[in-house]
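Single-structure report; data block below.
Letters A, B, C, D and E mark the chains in the order given here, with residues in each chain numbered from 1 onward.
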Amino acid sequence: MGSAGMTGGSELVAEDISVTFATRRRDAGHRALAGVSLGVRPGEIVGLVGESGSGKSTLGRVIVGLQQDYTGTLRFGGEVLAHRRTRAQRRAIQMVFQDPYASLDPQMTVWKMLEELLIVHGIGENREARRARSEELMRLVHMPPTLLDTRPAGMSGGQRQRVAIARALSVGPQLLVADEATSALDVSVQAGIINLFADLRAEIGLSILFISHNLAVVRSLCDRVAVICQGEIVEEAETRAVFDAPRHDYTRQLLAAAPDLP
Amino acid sequence: MTEVMIEKKRAGLMSRIGRTGRRRGNTHLLIGAVIVGLIVLMAICAPLLTRYGPIDQDFTATLQGPSWTHLLGTDNLGRDLWSRILFGARTDLFLATVAVAAPLVIGTAIGALSGYFGGWFDTIIMRIADIVVAFPFYVLVISLVFIMGNGVGSIFAAISIVSWVAYARIVRAETMVLSSTDFVDALKVGGLGSGRIVFRHLVPNVVSQAIVYAMSDIVANIGVIVTLSYFGMGIVPPTPDWGSMMADGQPFFAGGYYGLMVVPAAAVIVTSFGLSLVGDGLANVLRVKR
Amino acid sequence: TRASAADTPQKGGDLIMLRAEQLRTLLPSQPTDNASIWPIEEVFNTLLVPKQDGSGVAPSLATSWEQSKDGLDWTFHLRHGVKFTNGQEMTSKDVKFSIEETSKPSSPFAFINAAITKVTTPDAYTVVIHTAKPFAPLPADMAIFANSIVPYDYAGMTPEAFSKKPIGTGPFMLKSWTPGVEATFERNPNYWDKGKPYLDSITFKVVADSNTRANEVQGGQAQIDEFPAFSSITALQNSGTAKIGTYASSRVDFLSINTQKKPFDNVDVRRAIASAVDKNTLVKVVLFGHGKPAGAYMSPSSWSHDPSITGYPYDLKAAKAFLAKSPVPDGFKATITVASGNSDQQTMAQIIQASLAKLGIKITIQTLDPSAAYDAKQNGNYDMGFSYDTTDIVDPDEIIRFTGSYDGGSHGLYSFYKNKEIDSWIAKAATLNDQDARQKIYFKVEKAWNEAQPLVPLFYTPELYAYASNVHDFHPFVTGNYNLADVWMSK
Amino acid sequence: MNGAGMATRKTDGPAGAGGERASAGQAPLLEIDRLCVSAHINGQDWRALENITLRVDRGETRGLVGESGSGKSLTLRAAMGLLPGSLSVTSGAIRFKGRDLLADGGKAMAAVRGTGIAMVFQEPAVALNPVMRVGRQITDSVSARRGWGRRQAREFAVELMDQVGIRDPKRWVEAYPHQLSGGMRQRVMIASAIACGPELIFCDEPTTALDVTVQSQILKLFSKLQADLHAGFLYVTHDLSVVAEFCSSLSVMYAGRIVEQSDDLKAMVQAPVHPYTRALLGAVPRIKGPIQRLRGLSSSAPPLTERSQAPTAPLAEVSPGWQVAPASPEEVELFETGVQAWEAQA
Amino acid sequence: MLRFLIRRLLLLIPVVVGVATLTFMLMHMTPGDPARTYLGDRASPQALAALRHQWGLDQPLWRQYLAFMGGLATGNLGQSMFFHDSIVSLLAIRLPPTLLLMAIATLFSILISVPLAVWMALSRGGAVDTAVRSFNSVAQGTPLFFTGAVLIAVFSLKLHWFPVAGYGKTFGEHVVSLILPSIAVALVIIPFLIRGLRGALIDALNSEFVNFAKAKGLSRRAIWTHYALRNAAIPGISILGIQVGYLAGGSLVIENVFAIPGMGTFLMKGILNRDFPVVQASALIFALLVIFVYLLTDIAYGLFDPRVRVK
């Protein structure tokens, strides 16, 4: 995948990130993130778990640049990410969303979607090159390239999510933020996507910040896990450590609540 | 109870008024399209379908009832009603359709931008919309017709100035709904510019509601044109137009010359009927696609 | 017997008259609109009244009058025992006050009294009016609504207050008035003409839409429709519940041609247009046969009308010949301005448009709302348009001036036709006492206008009313006066 | 329906109609017998459910799992007589305590709803009437049945809300659904489902929309209710681990059929027979035990209109109470080898 | 609730100012001179000038505008130029007929639409459903003045059931006179209302909460009244609000056809006369009427829909 333009090996470091949402009533506002620090090393999959409303998505949005109102520093590959990012910086960090039905433009074929991004970012000098790259991307996400010319309308959730991943990969990111990317899917389809993430990491050295409320999924995919509670990271460690020997009460609560097969 | 919520509901409803049934969309569309198609065809082929010019006067044959020489009879100037109906279709349908196109385009653009960007732009647009909506429609239209003089141009302008608001509201609400899903975020993360997001992604996805509404809007526009003619502020004579035909025919109505008023009224009603069927059908077809 | 019962006036009844326009004021010196004038004539009396056929004037509050030898003084002898509705007796003091009110420059009808220099009151029942020059039309001017007799100093009220609570000597008095909606007048029980009026009350109600007016009369909800559209006549006649009354009127309808504009400054162009207007068809199609094609510009209801002038007959060949002589032999483009909502004008415009097209004159019809159309004509900002005139007095002076003279008030009914000679003839005629001498001059004026055709006289239009079959003796005057004191309703 | 015995406000204990009590001991609570449901789409009938055979006994908690679109909800709705207009039962029987619910034109079904069978829906946000106070929604059916007044109904609502673990129920009884959190709404739904003292409770993914911690509370609540009410539960979910937590027996559906079911959930989970069950279990990530690569399925089951319309063989008994549908070679291919082949595709 | 009302009322200010300004601009841009229109043919230039001065039309436009807005701020709507009466007292006569017309029309619309919509929702695709929907399409395309003319021809002139036109003297007469015009107006509203209600009812009947209600064993009646109708009422109210808002414009037409001395004829005459104060005031009243109806709608919303109710 050299042609994907991945230089491999930039580390994301988020330091002391805080986000406060203005609320109508109180002047103080609602503190969604309170001084969060987190790092994602090259080729690493970091899980971010926590309850609903704990601030997972907010952190993800800060990292990809959708949430521009934050304090703290973001560094990627050593350089500070300003609030307004350069095109290259934007390309480097991409995102996959929860709902594959809402995040794809239903009016466009997969090829149109990919081509648009490739054109905007000046990737591929002509149509043939872009087409070739799109086909390559489809294969990368384990989709038959023949589906390029169809619209998402007829596709299953799993297929759509693969298209969404292909779209994110098309601009050659080094870090992928996956926000609940599998929680809308069936178990068996989820398993396929999780395997895909694992494969992408293995094949092209992609780093992934994997946001989920499902502990079991995080456990099966991630190298490291951060547990977030009310805007603060309460525990962060190697996956095995978190699951086998949780140190924080909140983590233990979560683990106790998670159902499991006998 | 936030303004946004109310606004959303209201606009959502406005687009919803234009819809009805569920499964029968295609039959509706078909019947409607046939009716409208026939009328349009008749308008286009008008000269082939009649021996008389729409403004040819014949004072030896005024106020005649239907006969083989004059299919629908004649008016007080001895003009053939059938010809006037045919040629009137040209005037009214053309004007009504054109007067829908401009507000559709402008309203959609403004609504999409307003819904996407929000902020002060949105506030200003929505306040302007409030004023236009609250302003008595016919006062605006009549004043504009007075200012600009009678005729096609001023009717077109008057309708456009008023009716972009409905489109803007519908599109704005839909855009806001769409923007609150991951849809826009996904595009932003991809690095697309706002213009591209709004016009290449949002507009194509929300415009269908506006188009459905446009069908009922054409009907409404025919109503406005006809009513303006009724007030004597419509199409300038002798251009045939259903509205002025009705207005001119009304004094003869009570005298038993029903045709002079009823025939153009029937033309208006049948056309509107066809168009609203098309609207219904489109609403269903477009909804299925969603 | 039945016949006599039907002929004998009965007392009682509430009459509703529908009209297109609102009553604006009841102050006699103020109104310029018929909607106000005609009700004023029911509330107030003038010294004299027009004869119904317009042939002259008859006594009213003045029982007799005479002109002095030098022609400068007119003496009027007042009727005794006439009471205002507030109980006060009407005397010369009131007459003097009334005439002076109307003579004030702020009164729009001051021009009517322009010849008057002084009003004196030798005694309570005698009024002498002095003029600078002998002024033949004076008795006619004393029969105009503007010179209605109001109590001295408006019985102590301000003019505004008086307008809302008028006090007159007329057959009816104001009962209630909702501005812009309706006004009801009830019988004046002390009316000096004993036995009259017959009606208990009359209500003037505004109904803007002519179809609705026709419907209401047809449905028995109202008795008189003031302005039935000519096109609705058949409907009303067929209905069986309403009658159509056509009354001689002073109204003449014209096609005004703006002679300030090219090519209308050319007389041949105007004659070509005149020859291409088929007046017979207009009468047939627009008036549905009521009315007559017009020749001279004065109405046949006046003695000043010259019956020998027949205008330009409809003749397209002649029209082409005229046009060929003009600077625009192949035709030109022009507009006819019509008032929106006026279907008669629109119909006429379309007929003339079709006819002129045959001469190569391409006409665009421009509809302006009445106010704007009015403005356009006043400002000479139009090519051709429709106008009409009517007179408020029986003497031809007012109307021949208004229509025929550049400075008569309307610049020759908006034709802007300027002819010093004609103007001087008209001025001269007013100073003559001899009607024959005046008639000769007026015939001359009409001939000159006929030659020049700045106005194409279209037709002499009857006054048209639709009224319920149980309304009797409804005979409006040529001047428009309803004369409702004579009207009665059978049960 | 308004027998003397019904006047009790107790929710523990069977509250069926008096006449049926005698036979209640013998027949299973719910028996779905070769139920077929077809959908009318574009003028054609398609099989949506095929020969569904299933039992729930008193005190039993049966899980019904399968991927999205496999027909789980449809099964529940058919058994409740709530099929949407375009769907209809073509054959088969649904028996509640031995009585055929489809027999007399829906009357039996109507009689059994609420009192005999209750249902908890997946999305409490849309299944509660947004314009009615929750207290009233909990008790409207029971107070209509028993002719209760407002006050009595309110007291009962408070009691039920307390029973489903809503803290400070007096405060919330007058609230509207939108004022409640997702967990509370689900509790309200459960409260109104148990209001009439049903003997059988259907649950259609009642915790899918909830947070893990809330989910575990709700599951605990179900366990408690099951013990208290001694009712039967038919619990639909796509999450096998939830089922394992809560259920005693399990049925697995795939494409409108039951492919495997057993009265002993543990046994079946440990040694699944049908390739689809195996694939499904292989796809579930685990909280404990060794971390393994999951098994992703190549694709979901085809939509109704693309499914094979050939009749399927009946379930075969593996052991008493454990039935399996015979798997065709294609299915074996799809669920076993297909997984790897597809994963490798690229 | 109070806060909400205050907020809404504050929001009115820009709309009122906007409407007032727009009317002012429009009226002064329109060709045609009120003084000339008032005085007619025979007016002398002096009389014209005097009248213009009296009406303040000789002042610079911005001064007239300021005077107008100033008057507005103090609640002084001025004097009608043509009726020599204060606008406020004229409005006091003109407003009631229009309000009554709107009220009766609204009542008719509801009384006709609700049962029909229920029937249609029950018999979806049936004969009634199809018939009413076709009727809707026809009604929607029928010009208001034509409906009026036909109603008069049939019910007044042929059958003599109702007065042809007018407003009557007593309240009873008012109501009777307004029945035909109200029906004509209601026929404009009904198609939209029926469509909206029918759709909303079908949506409600297909909703999960109705399924849940059925699952609870509730009776059909209870489901219809407490679940379907109450939820369908919410969009119903909204549509009614929008339509009644449009209705304000329709009164211009229908009052003319039925000669009702209401706001519509007042405004129309004002425009034709160039009676600036009348036009400005009545346009404003119409705008306020529309806004007021919307406000009522929103309040009704709050009553029917607890989700938008303010805590």
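Methods note: a residue touches a chain if its C-beta (ideal position, glycine included) is under 8 Å from a C-beta of that chain, and two chains touch if they have at least 3 such contacts.
In this text, all values refer to a predicted model and were calculated from it rather than measured experimentally.
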| item | value |
| --- | --- |
| Both-way neighbours, i.e. chains that touch chain C and touch chain B | E |
| Chain separated most widely from chain D, comparing mean CA positions | C |
| Two chains sharing the most C-beta contacts | B-E |
| Centre-to-centre distance between chain D and chain A (centres being mean Cα positions), rounded to whole Å | 34 |
| Averaged-CA centre spacing for the pair chain E and chain C, given as whole angstrom | 40 |
| Where chain A and chain C are represented by their mean Cα positions, the distance between them in whole Å | 88 |
| Centre-to-centre distance between chain D and chain C (centres being mean Cα positions), rounded to whole Å | 90 |
| Sites on chain E at which at least two other chains make contact | 30-32, 149, 157, 256, 268, 271 |
| Chain pairs that touch, as defined at the top of this document | A-B, A-D, B-C, B-E, C-E, D-E |
| Chain A residues within the chain B interface of the complex | 61, 64-66, 87, 90-91, 94-95, 97-99, 102-108, 116-117, 120-121, 153, 164, 167-168, 171 |
| Residue ranges of chain A touching chain D (in the complex, touch as defined) | 51-52, 139-140, 142, 144, 156-158, 186-195, 198, 213-217, 219-221, 243, 253-262 |
| In the complex with chain D, residue positions of chain E that touch it | 206-209, 211-219, 222, 226-227, 230-231, 234, 304-307 |
| Sites on chain B touched by chain E in the complex | 1, 3, 5-6, 9-10, 13-14, 16-17, 19-24, 127-128, 130-131, 133-140, 142-144, 146-147, 216, 219, 222-223, 226-227, 230-231, 243, 246, 250, 253-254, 261, 265, 268-273, 275-277 |
| Complex contacts: residues of chain C adjacent to chain E | 22, 24-25, 32-33, 105-106, 108-111, 160, 163, 178-182, 205-209, 211-213, 215-216, 218-219, 221, 368-372, 374-376, 378, 402, 409-410 |
